[in-house]
Structure formats: C-alpha cells, structure tokens
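One structure is given below, encoded as structure tokens.
Letters A, B, C, D and E mark the chains in the order given here, with residues in each chain numbered from 1 onward.
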Amino acid sequence: MGKYIIKSLLQVIPVLLIVSIIVFVLVRVTGDPVALMLPETATAEDRAVLAEALGLNQPLYVQYLKFLGSALQGDFGKSFRYGESALPLVLERLPASFELAAAAMLFAVLMAVPLGVASAVKRNTFVDLLISGISVIGKAMPNFWMGIMLILLFSVIWGVLPVSGRGGLSHLILPAFTLGVGLAAQMTRLIRSSMLDILNQDYIRTARSKGIREIWVIGKHAFRNGMIPVVTIMSLQFTSLIGGTLITETVFAWPGLGQLLVVAVNTHDMAIVQAAVFVIAFIVVITNILTDVAYRLLDPRIKYD
Amino acid sequence: MAVMNDMPSLTPAPQDQAQDQRQRAAGVGMLTKSLLRSKTGALGAVLVIIVCLLALLAPLLTEHDPNAVNPLNRLKPPVWMEGGTSEHWLGTDNLGRDMWSRIVYGSRVSLLVGVGAVLVSGMIGAVLGLISGYYGKWVDAVIMRIADAFMAIPTILFMLVVLAVVGPGMTTLIFVIGVTNWVSYTRVVRGEVLSIKARDFVKAARAVGASHGRIIVRHILPNILSSFIVISGMNVATTIIMEASLSFLGLGIKPPDISWGGMLSDGRQYVATSWWVATFPGLAITVTVLGVIFLGDWLRDVLDPHMKMKG
Amino acid sequence: GGGNTGAGANTSADEKIEYEATKSQTLTFGVGTDIESFDPHNNNNTASEAVIVNVFDYLLKNDSEQNKVPGLATSWEQVNETTWQFKLREGVTFHNGDPFTAEDVKFTIERVAKDGALKQNSYFKNIVEVNIVDEHTVDIVTSEPDPLLLNRLSKMGAGILPSKYIQDKGVEAFLKEPVGTGPYKFSKWIKDDRVELVKNENYYEGQPKWDQVVFRVIPEASTRVSELLAGGIDVASGIPSTDIDRIQNADSKKIVKAPTQRVLQLILRHTEGIVTSDPKVREAIDLAIDKQGIVDSIAGGAGVVTRTSVTPGNFGADPSLYKQSLYDQERAKELLKEAGYADAGPELTISVSSQYKEQSEVVAAMLEQVGFKVNLDVLEPSAFSERYSSKSFKEIFMIGIGNSLFDASNNYNRYLFEEAKDETDYDNPEVEQLLQSALVNMDPASRELEYQQVQQIFAEDRPAVYLYQMEGVFGVDQRVNFQPRSDELFYAEEITPAAQ
Amino acid sequence: MKKTSTEPLLDVKGLKKHYPQKKGWLPGKGGVVRAVDGVSFKVLPGETLGIVGESGCGKSTTGQMITKLLEPTEGEIVFQGRNLAELSNQELRKVRRDLQFVFQDPYSSLNPRMKVFDIIAEPLQVHGLAKGEALRNEVYRLLQTVGLGPHLVDRHPHEFSGGQRQRIGIARALAMKPKLVVCDEPVSALDVSIQAQILNLLKDLQEQFELTYIFIAHGLPSVKHISDRIAVMYLGKIVELAPREDLFNRSLHPYTEALLEAVPVPDPRLRKERILLSGEMPSPANPPSGCAFHPRCPYAVERCRIEAPLLQEYNEGHFAACHFPTVHSKDKEGAR
Amino acid sequence: MTVKLLEVEHLKTSFKTEEGIIPSVRGVSFTVNRGETFAIVGESGSGKSVTSLSIMGLVRAPGKVEGEIHFEGKNLLELSKKEMRRLRGNEISMIFQEPMSSLNPVFKIGNQIREVIVQHRKVSKAEAHRLGIEMLERVGIPDAAKVAGNYPHQLSGGMRQRVMIAMALACRPKLLIADEPTTALDVTIQAQILKLIAELSEQENTGIILITHDLGVVAEMADRVAVMYAGEVVEEASVFDLFEKPGHPYTLGLLGSLPTLTEQRDRLDSIPGTVPNMLNMPEGCPFHPRCPYAEEQCKTERPELRVKEADHRVRCLRMEEISH
C-alpha cells in the first residue's frame, strides 16, 4: 500500500511537468499582458519599460526554465492584478472551493444514490422513466440558468435563503444544489447502469437463493458492488468541481478559485493562471490517487502492488 | 450400446433457407423494431429529428430575419400573453428580434457546434486511443501521461484561455471544444482496444499473417465503433451545454451567428422581467439534449449485447 | 470589524433572513468587480478607486460637482510655471496613529512619479520632485508647465500613503493591512467577496457617518438585483435597464441615475483607402444612427445624447454640443450615393467589447438600414483591450471612454498626430496645433477655448461619432440617501441614512 | 493407420514461457509465473499429438508459442527443419501459412463485426492467394468442406450456433492449406452433441488434407478419441508422453493415473469407489520444490520433495517424469 | 422407503422478451424422493436451469411460472413471498454452475455463510459464524477459520465451489438443487466435488436435483434421470434403464456422440443440427428435424410422455419401433 502510494506520487511528476508546459505555452500565446496593465493612454515606450521589468522580452525557453525553476519553489511570480505572490492568492481560495465542491458532492450523492438504485430496481417501469427524465433534465439545464432561477425563487420570492456570497450553511445551499443537480444527474445514470449490471450477476442470484430479504440483497450485496464504479465518477466529478465551478461561483458571488481564474484569464494575469492550474492539477492528481486507494478498499480483488 | 450409423454426421445443419431468411429479416428490422419498442429511444429519435428538421428547414419555418433588430418592439411577450402578437408568436428579445426565428436558426449553430466539436475531439481522441492501446509500451505511457495532464486542467479553464487568445467564433469554438474534449475518447477507446486486443479474433488475425494496419482497420476499429458512437451522443449533449456556458463567460458564438447558448446567456438578465427571452432557448437546449441522451441510451442498449457477446 | 457574515444555519422559513445591511449602522454596496489592490499607485480601475477613496485621502479632492476642494492640503498656489506649493492640514493622523506630515507627501508623490512599474506612473511621471518646505508645506515640481497637476493630484494615483509605516514594514505588509488617513479604516478584504471598512474615529472632519462600510462583489447583474431586492445590500451598481421597473416597483427600493464621464462612441479610421476616410461616409454613419432611440430602448433611458465626448463637469466642455444629436436616415442614404456607393453599400467592421454587445447590435442594424454592410466583431473585454492597445482595428471600433482627469486633454491624447498614427490616422494640422498648445497652456480661459474649438471641428470632421453619455444606474434601498457621482466613486461620507 | 515418417514436422526443444510478475514498481523485483517451464516434444507428419492437463497448466501457452502468437522466453521451435526464431518477418508470414491455430472459444475468435465471407477470405487476401471470383469460389469450397452452405456467407458470427462458429474457425485455419494445425480445446466450449460433429470433422479433414494436429484439451475422452500420442502436462511441464494405448493402459505417472481415475464414465454399471487426488493445483507463480506434483501425490517420498524428475523414456515412445514410474503403475488392461 | 419430497407438475415457464415470448419450460413433470439423486440432462438451453429456478421461486420478471410444484405437500407457487423466502436456503437450497461468479466478491466467505444461518436459525452472529466454520470444515476445507476470513478471489475454483456447497447445506435442507456444479471445474476437482455432494446427501438423506449435460456425471451420481430437450422432458428413467435401454432418439444420439475411454471408435455418432430456437419451435415433435427416425407423423403430431416400462417414460411417437 505504502509502495503503491509512493509509486503513484512518482507518476505525478511527469504529469505536472506536462501540465507546466501546456500552461506555460497557453499563457504565453494568450497575448500581451503589458497592454492590459497600462492605461489606455500609455505610450509604446511605457510598454517596453514594463515588459523589460517583467522579463517578458527574453526567449521563451529561458522564460520557461525560469518559470519552472521558481515554480518548483512555489513561486509563480506576482499577480499583475493584485501585485501579490500568486500562490498564496490561489491557496487562500481553496477553502471556499473545497467547501462548495464538497457540499455539491454531498447533495449529488444524497440525491443520486436513492434515485439510481430505485431506477435500477424498478427497471423499465414508470418510476424508472420518471427518474431518467428528471436526471436528464437536470443534466441538460445549464448551471447559470438554474442558479438564477433558484435565487429568484428561494431568495427573492420566498426569502428563505440568502442570495449570494459565502457565509454560514444557508449560503451554501443554493450554489451547492445548483452544482449538485448536474452531478447527481450523471451519477444517477451511472448508478442505475452499474446496479443493473450487478443485479444480473450470479452472486445476486446466490444471495436470493439463500432466502435473504430483497432489501438486503440490494442494500448489501448489490449496493457495495454497485458503488465501485461510482467512486471513480465521484472523483472525476470532484476534481472537475475544484476548478470548474466558475459559472456557479460567478452567479452566486462565491469567492472561490473559479472566480479568481475567470478574472485572471480575462486580465491575462499569468502568474495566477499558472499557479492555479498547477494547484488544481496537483489536487486532481492527489484525488486520483486517493480514489485509487478507496477503490482498492472497496474492492478486495485489487491488490496493493 | 446404441449405435446409429445411419445418422449422417457431415451434413450441414438443417437450418434451411426459411430460417435463414427469418434471421436476415430480423437483423434488418431489428433496429427499427427495437427503436419503436423502446419508448425513450423513440422519443429521443423524434426529438432529434425535429431539431434537425428545424435546422434544415429554417428559412421555410419563419418569415422573420432572425437578426432584424427593432428596438421599439423589444421584449414583446409570446402571443398567448397580454401584449403578445401573432406576428411574433414566441415574443421578441431584448433587441426586438423575433424569438421563434432565432430559435429556429439557432438550432443550426447549436447542432453544428455540437456535432462539429464531437467530430474533432472524436477524431483526435480515437486516433490517440487506438495508437495508445494498440502499441502499448512507451507510446501508451506518453499518450496517457499527456491525457492525465489534460485531465488535470479543468476543461472550461482550458477553453477560457484558448478562446481568450483566438477570440470566439464558430470554427474556433468547434475546434477548441474539440481539442479540449479528446481525453475522454482516448481513455474509452484505449480501454476498448485493450480488451479487444486480448480477444482471440485479433490473435487469429495475427495467426493468418495480417499486418498491424489491417488488424487496426479491419478488426479493432469496427469493434470500438459502437462505444464510440455512444460517447459521441453524450458528448453532443455536453457540447451544446458547454457552448451555453461559454456564452455566459462571454466566449460563445458571436453575432450575427445565433446559438441557443448565446440566447440563453443574453436572456438571463431578463429572467425576472421577460421570462421568455431565456426560457425558450433553455427549453430548446433541454429538449435537444434530452433527445440526444435518450437516443444515446437506446443506442447503448442496442449495441451492448454485441459488445458483451464474448462467449 | 469582521462580524457576522450571514444569517447562519438557523433560518426558518417564515423568518426572513437578517442581513447585515439591515443593521442600521452598516452601509453595504453591491458592486460588479472587486478592487485590484489597496495600493492606490498600482491600480488603474475605477472600481478600485471607488472603494479606496474611503481609506486614503488626496491633497485635494473633487466635490460632487467636480470642483477642487481641500483634502489633506488646506490651500495651494502656483509658485512658478512648473512649481506648485501646498499647505498641509495639521493634526491629521494615519489610522495607525502616525502623524501626517510633508514627509508622507514627498514619499507618496515621488513613489508614483518615479517607479515605472506602478500602473499610475504614466499620469505622474512629469513630476520631477517634491520638496519639503516645512513639516506642513511642500513644493511639487513638474518638468514643464502642467495645467493638469491639480487634476492629477485629486485622482487615484495621488492617494497619500504613510511613509514611515511603509518604510518600516515594507509594501507587502502595508498591502495586507493598509493604512490611510481617510474616514474609514481597513478591516478586511476577502478577494472577490467583500471589502469591509470600519469607521476611523479620529477622522479629521469628525465622526464618520457609518460604523461599517461593506463592498460586496457580485459579478452577475441579476444576482446583484436579487440581492438588493432581498435586502442584502443598500446600493447596487450597474443595474440592467430591464430591471429598473422591477426595482422601482419593489417596496422601499428605488432607482437613482447619474451621468458618468463615459461616452459611448464609434472611432473611425481615416487611413487612406479605407471607406471611413471619406467624410461623406462618416457623416452617413453619424446620420444613420438613432442615438436617442438607443438610449430609450437599450439603455432604458439612462443616457444623454451628445456630439462631444467632453461632457459638462470636465474642463473644456462645449455645452452647445451636449444633448445634441443628428439622425436622418434619408440624408444618410443620399450621402452614401454621393460618395459613390449607389448600389452596394460599403462594408464596415465594427469591433466592440462584449459589454456593449446590445448597443453594437442595434448600431449595426441601423447602419445596415441605410445600406452599409456591417461585420460585427464582438470581443471579450480583455481581447478588446489588447486589440485597442495594439491599434489593430479595422474601420470602426466602439468603445465607452471615461475621463479620470476631468479635463478635455484626456479625451484627445489619442488624436495627437504621433499617437493617431497607425490607428485612426487622424491628421488635422489645425487640431494638432490646438491640442499641442492646450497641453501646456496654463491660462484656463484660453485653454478652454482651444478645446471647444477642437470639439466643434470634431463634430463636423467626425473622427469619432458620439452616441451618448452613459448614466450610472443604481438600485438603492430607501433607508439610505445616495446620490451617485459622475466620477463613479463611492464616498461613504456623502451617503446618509434616511430618516427612519 | 497413419503413415509415419522419421523426419519430425515439428520439433520443440526446451520451450519456456515466463511472465514477469510485477511487484512494486521497480523492474525485476517480482517473481515470475512459469506458465510453461521446459517443454520438449516432436510431432511427426500426419499424426495427432494430444496435450491434456488441468486448466492453467500451460497448454494454451505452449500452443500459442508454437504458432508464434506468443514469443517464447526460451527454447527452440523447429518447424519443417527451420528454427522459427531465426526467421525474418517476411519468412515468418510465409511459414504461418503452414502453421494454423483453432481457438477454444468459437465466439471470441471470430470478429463479431465481420461477415463469414470476410473472415474466411482474410487469410487468402492477406497472402494474396486469391482474388475476385477465385476468392469467392475458394471461400465457398472451404465452407462446403466444413459442412456449411454457401448461403451463409453474408451472416455475422452471432447468427450462428456454437458448432457452426467452430466450423468457421476451422475453415479459416484451413484456408491456406496448412501442414500443422494447433487446435486449442476446440470442443470444450461446445455442447455434447455438437462436440462429436466437430471431432468427426477434424478427423475427416485430417484424412482429406493429410493434416497434422496438435490437439489440446482437458477432456480426456475426446483427446483419446482423436490422438495418436498424448502428452500430459502438469504445472508447465510435460509429465508423461506416450502413444494413446500405452497412456491409457499403462500410465507411468501418478498424475496421469489420477486424471484417468477422475474422468466420470458414462456407464452406471462401472460406478466404483475412486481414489481421488486431494488438494488443488499449485500456482505456477510459486511451484512446489522438487517434483511439482509431490504435494498431491499419494506415493511421494522425501526424494520427490527435493529433486525434480526428468522426462525419461521408459518403454518405446513412452516418456514419463517420475522418480518411481513403475512402483504404482499397474496393468489396467485387466480392470477394464 | 420412497417418500415423495418434490412433485413438479406441468411446469411451464416462459419469458416475455422483445422478440416474443420464449417458452423455456413447456410442461415439465417429475418427482423427486427423499434421499434420491435425480439428474436432469440435456443440451444447453433446453430449460434445465429455468426449471430449477422455477422451483426455487427465483424466476424474475419478465418470467412467468405456471403449473404446480409441491414440496412436502405445499404448492410452492401459491406461497407468499415471505413463506417462500423461509424455505429458500433453508429447506431447499441451490448450488450454481459458476463458482467464480456466484460468490459476492466484496464480502468475506465467513460473512456470506453466516448470513444464511442467521437468516434461518435463531442464533447469534458469533454462533452463526462458528456454525459456518464448522460447515466449511465438513466440506473439506482445510484451515476453515482462516478461509472464512478470506475473500472469494483468494480461493481457487474448487474451494469456492466447496464454499457454495457449505452455504447450501448450512441449514441442512431437504432438497438440494445443484445446477451444473462442476462444469467449470477440472476433472480432478470435479470428481472431488461430486464425491462430496454424494457423501453429504447420504448422511442427511437429502434429495438432490443434479443438473448437468455430462452423461458421465449422471452415470456416476444419479438414481433416476430426466432428459430434457427444448423445454420438455423427453425421457425419464432409472439411471440403468437410461443407459442400457434408451427410448428416445435424442437420448440415443447423446449416448452415441460421447467418446469414451473404454472403447475406441473411429467415428463418433453425432446428432446433426442444433437445438431449435425457442421462439421458432418446429411443428410436431420438436426433435423431428434432427431425428433419423422421423416420419411424416412426427412433423405434425406432438408426442406425449408415455410409459415404456415401469418407471421409464418416453416422449416419442415411434417409441415402440425404436429398439436396440
């Protein structure tokens, strides 16, 4: 197990290296940060001075090596926008992002597990059709649209939940729900197909032949097996949430990574973009390893080496 | 012990012509039949066909120019509401453009983007997945590490950065969504290739001396096609939604091109005051995605037995 | 400061959420963008200035009518062509207790004038030095006569910083816990969420009106409106025109509007060979557009048509061109014919930032009505700024330009021959001569005339077609009295609680 | 009944296949799975060599190495006097024409997306042996040979029964008129009543085309039915190799004996108390010391635990790998 | 001595599928006595498993079971779900063909055995666990306590099948249905398992339904045999009668197609053709297209199961003419 984790951690290195190249290239080709930093009235001379000061006039590979070197020390440079070191700026957003992602996952799981299982058990009945319909609609609705509607209903018309911002638990409900619905839709469908698959397995028939109550057959024998693929999708979803909640964050004025990123990209704030992508990539890779471990714990067939 | 010497042993099985024909007919009619039997599959097909017809017949379905601005006639409600006119039966948008004709024309871009991007990512992903799965070893390691790296960068961020450089537009959008979505294909295709590669018929092809190229094209490719089609269906849906999300971030389709995502995004300001501006494109997206997903589901059900028929 | 940031978990359905805004001594703004930094020198957006003016003071400031009034300087006079002398206010202390002295002024002004990496540097680099005369008197010396020095000193880059504090602790530490002399003290800044300020009990003009001032960042306009309606904020900026009625109809909410310095305009290229180099084409463009129509529909009435970009309140404004607009589509069509486009109209590309997408779509439609063929090039804002800086537009770009110096010169820098090269290629010797002269003209009266002349020439020559002066539209809770300023700043001290 | 020439068609010497078992991520740290661990035998033209043994003992691996579907870790395969390892790719492709393989699982070995015609035509196309009309005729002829009608050419594999599919697999193997066909459990996936069809077919084809077979199976009765000589494998090694009658009547190895003992006889009158092997087959990743069979062998003594017996010829053409081959061998002729 | 344990009468089980209704079992009747081993043979798809699942009450939608199944006098088809559940795993239990997939991969062996004991006996968990281990020992698993702590994948196929047997016998059922319990196993292991089942049933006087298509296994184990073809019993006889005086052409064919160790034949006799498609059953006798004795009559008339001799019944119109 320990060895496995070390092995996985070592695999992180090439991935992060590739990420660094992708990011570096992307950011460099996205255009001239100088233009954005200076006022509209700035002269060509002003620009040259600023470029010089930022080291933007060196050859690309030199810039990359420098970037990599300092990135290894956690130094991604200063944010143009905030004039502060980029990494702490990114890291200080993580709690908000994690909070939202975790809450959304929780919502999704709470919704998807019963729906998915019910849908599989009641396969091809009206219940199944209804659940499929709901989950497809949940997936088809763009996030921002749903977020705006939820705000209108719950905050403006009924006034039971706060509109936006981060705060107590009540602030978390709407954005988490908005994000969670899409995830739940996907998860429901996965659980359904996974459960269907499992319900056809021989060992389910064995369990039934033992005279066990159907609820146990499903709740014990089918469920644990059915959850194995779900863990994978959950980790995928979680990682996509960490960097991918920007729309929901914008709608709910949630001060997470997503908002930081949108603004950083729009203002070509290279340091932030680089630091953020790195941090996200790192989290993703770590999450993947943890998922693998969870997977192995859930499924005794997989060995640790 | 009984010996029945009169039993001919080498005669072909008496599966006569009649049974043969029956099986043929079943093969041909099977798709349509199972489509009709699967309620959701049929619903999906109908929805998708309707949307495709909208796109194809757009000019015949509306007499309004979808881009004709009329500020004085803005935000007119649909015909059944007070203040609505039969002239604009779904109402008008914030610039006084006819909602119906925009919905109709918007289907073109939404479908084009959906299908186009899926083609691009499908191509890239399938080729890399094939190479990776078939050749294995370091080729596989390199491709999969690159895929991991791409997975680690949130798609929407990637697109954001790229679109910020090249500027939005239909072709770029198709291209960018395509380029960012290849990873899912690569993984699925690679997995399929690995499992197919282990099947005996691939070995059999090698045993008769078939080349790598022949094995890939004749034996592996046709067998990954069905899962390829299934994920493509899903991705068309995802892409349509993604275009809407990019519109929200200001990186969607630019005027005068019309897309549902763009309409929905522009209309979000009017949700509280003029619901129809955002609701109709939203409905259009939902219905289309619904159709595509249902159709995809059905496809999966139909194709699955084939994939599972191992032995 | 700090305090409770929300209703907490125990909200029951029938009990409305208690927002901090309803606590009477807190003023809460909902704004679209976060501040960039608490460094007034390294910051160039109005959104930042709007917030940090409450923390930092200028030597002199603009009142709501844009008159210069004393700030940290009690009086000032021009000593010679390039030198101004300022008498500083006595008994002022920074939030950390340091006394405010000439040292601070010298430190502040020289920092922004000398450090080329600061975003405000380009506005101040003509300042050569600051000389301390005595503890409460300084001389500011410019390299050449600068009629705009006072304007410069009353804008963001001139916020006075605590020299001792920064020299002791460094800029990083200062930015973590900024200290100024203003009526409100920094309390906390959660990026992309909120800036919280608390009152400075030692403010030199007396007790501030609010215990706490909060600026909440709510990027999505519809969320801002919802937040206002739900009672989460007192003042919401950037209200979409369609929501005006909704807010006005709501209990205890109202809409207030005020003109800003921003004029939405089309800037036309004059480069030889381009269709817009033909004055008839330019006139046709002007006449084809129904500006009032756009104001009434898209802007929801929040705008004033104008034929000049120098609007009242700016030095050099020409009132005769304000509230004026031309619109005659028939004439526009004739002009096009005269220009030789009898059958097929000329093709134009209009580049525009996505924030003005609606307006540009209407403009494009109107131009097409008189026979132009328009390609609309809607760019994401940062892409637009980049295109703008690199001067790579085609025939037309559409842009809303503000004026942080409140001086006509700021509107015309781009038309100076050297600057206009490769962009608009505007080349009018008469204008050039007038602009160059005005740049160093220390006599306000003749300088004003020079700018008015330029405006008249522009109105006929049309290097730019002005659409309208934009108005800020704010949604306001009736518990506060809020009158927006044309410089779009939020001076909390100008806002008062309404009588209960 | 079969003509035997002295020159072997196939000569396998010391064939081994070891799969490195990854443990941890450092290369070379884990053990190896000794799937096949030193197998030697000869096959004469026109004969059928049966290979039997429990599941997992390395039969398929051996078969696949002979047909070059797997690279041997060690050992030589000499086919028609040529060492396969020394052939260039080009030459190997030619040799493949004489060396064919019939798979155990008739479904998995047919591409579900290809029509029968294409499946059978593939070898001919690959080697450019026939085109157009000639190709069609040849495919029809092959189908006829294995007892399928030409009207089936447009069908896909899933439209056939198991026996028919196996016939298609055989037709494909025969397409290039091979000399040696390795049949890897060609009937174990089939129904009882179909098995006989296929066994008969194989026999008929052998006579018709003078084929040589290596027939792999774990069902002893069918192997006995078709083979001239039989090799018994246990854990990657051949433990006994003998002409059919010798093996069944005078087996020398206790494992062979146990196998024979375990086969249920379809005659209720022959029910008897059996002496059954106890225990399970050990893992090839971790074979027992000495004679691999010793933990299950009722006759094992100390020596068996320490020393691995070699395959030795005891009677003419009858080889066994056992330290005490005669102690327990009894003449079974009388028992039957 | 012969006490009737199970009586199946006119059992009909069909599945409604997209292609149509599949009549998998088409009127099967037989009796199993206490302590007796009753074998059902027949080719793949002939309805053996469906018959056994019908007895267990495990046929699920879209399957439909008709007829009567009397177990110790109770008609199983009329029992409530709860009553049926009480019988299952307790009085009637079942072993499945695939030892590899019939155990739940994510639960430990001990847990899976314990489960059935706890379900049917009023014992504590710990006691059930102990009983489970005892059961594992009885089926010849060495070091049973340790094995109870293993997961199924850690065991070999033979061990898993033993576990399945232990589980099936844990509550000492009166009837054990073994559905091809050894098809997936090696001959040496197969022999071990069969011997084990025979011994255990003898000790407990358990009735066994042994389903297989291996006639060797039948000869080895069974007292009486039913031969199924296309969802019907085509012949039922004592094991001796069946092998010595087979009455149905299909049985004849089956016996003829077996290669044996005892005799050497140059050719095997095989049954041409394949089992008919259930959806498209031939008119008349379902076997007639493959039958060498078929006559005009066989193509139109469906034969009934007729008594040939005492305890020997055959479903063939030409039963009398087929002699040996």
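Throughout what follows, a contact is a pair of C-beta atoms (placed from the backbone, for glycine too) under 8 Å apart; a residue touches a chain by one contact, two chains touch by 3 or more.
Predicted model, so just to flag it, every value in this text is computed and none were measured.
Q: Through how few touching steps can subunit C be joined to subunit D?
A: 2
Q: Using mean Cα positions as chain centres, tell me which chain lies farthest from subunit D.
A: C
Q: Could you quickly compare B-C and D-E and let me know which has more C-beta contacts?
A: D-E
Q: If you average the CA atoms of subunit B and of subunit E, how many Å lie between those two points?
A: 47
Q: Could you put a whole-Å number on the gap between the CA centroids of subunit A and subunit E?
A: Computed from C-alpha means, the inter-chain centre distance equals 52 Å.
Q: I'd like to verify one number: the distance from the centre of subunit C to the centre of subunit E, where each centre is the average of its C-alpha atoms, in whole angstrom.
A: It comes to 88 Å between the two C-alpha centres.
Q: Tell me, which residues of subunit C touch at least two other chains?
A: Answer for subunit C, listing residues that touch two or more other chains: 222, 226, 380-383.
Q: Which subunit A residues sit where two or more other chains touch them?
A: Residue numbers touching two or more other chains: 31, 144, 148, 152, 156, 250, 265-266, 268.
Q: In subunit D, what residues contact two or more other chains?
A: If we look for residues of subunit D contacting two or more partner chains, we find 161, 163-164, 196-197, 200.
Q: Taking the complex as given, what residues does subunit E use to touch subunit A?
A: 56, 58, 85-90, 93-94, 96, 98, 101-107, 115-116, 119-120, 151, 153, 164, 167-168
Q: For subunit B, which residues are in contact with subunit A within the complex?
A: 39-40, 145-146, 148-158, 160-162, 164-165, 237, 241, 244-245, 248-249, 261, 264-265, 268, 271-272, 278, 282, 285-286, 289-290, 293-294, 297
Q: Sort out for me which residues of subunit D touch subunit E in the complex.
A: Per the touch definition, subunit D meets subunit E at residues 54-55, 161, 163-164, 191-197, 199-200, 203, 218-222, 224-225, 248, 258-271, 274, 276-278, 280-281, 336.
Q: How about subunit C: which of its residues touch subunit B in the complex?
A: 221-222, 225-226, 240, 242-243, 245-246, 293-294, 296-298, 354, 357-358, 361-362, 364-366, 376-383
Q: Considering the complex alone, what residue numbers of subunit D touch subunit B?
A: Within the complex, subunit D touches subunit B at residues 64, 67, 69, 93, 96-97, 100-101, 103-114, 118, 122-123, 126-127, 147-149, 151-152, 155, 158-159, 161, 163-164, 169, 172, 175-176, 189, 196-197, 200-201, 204.
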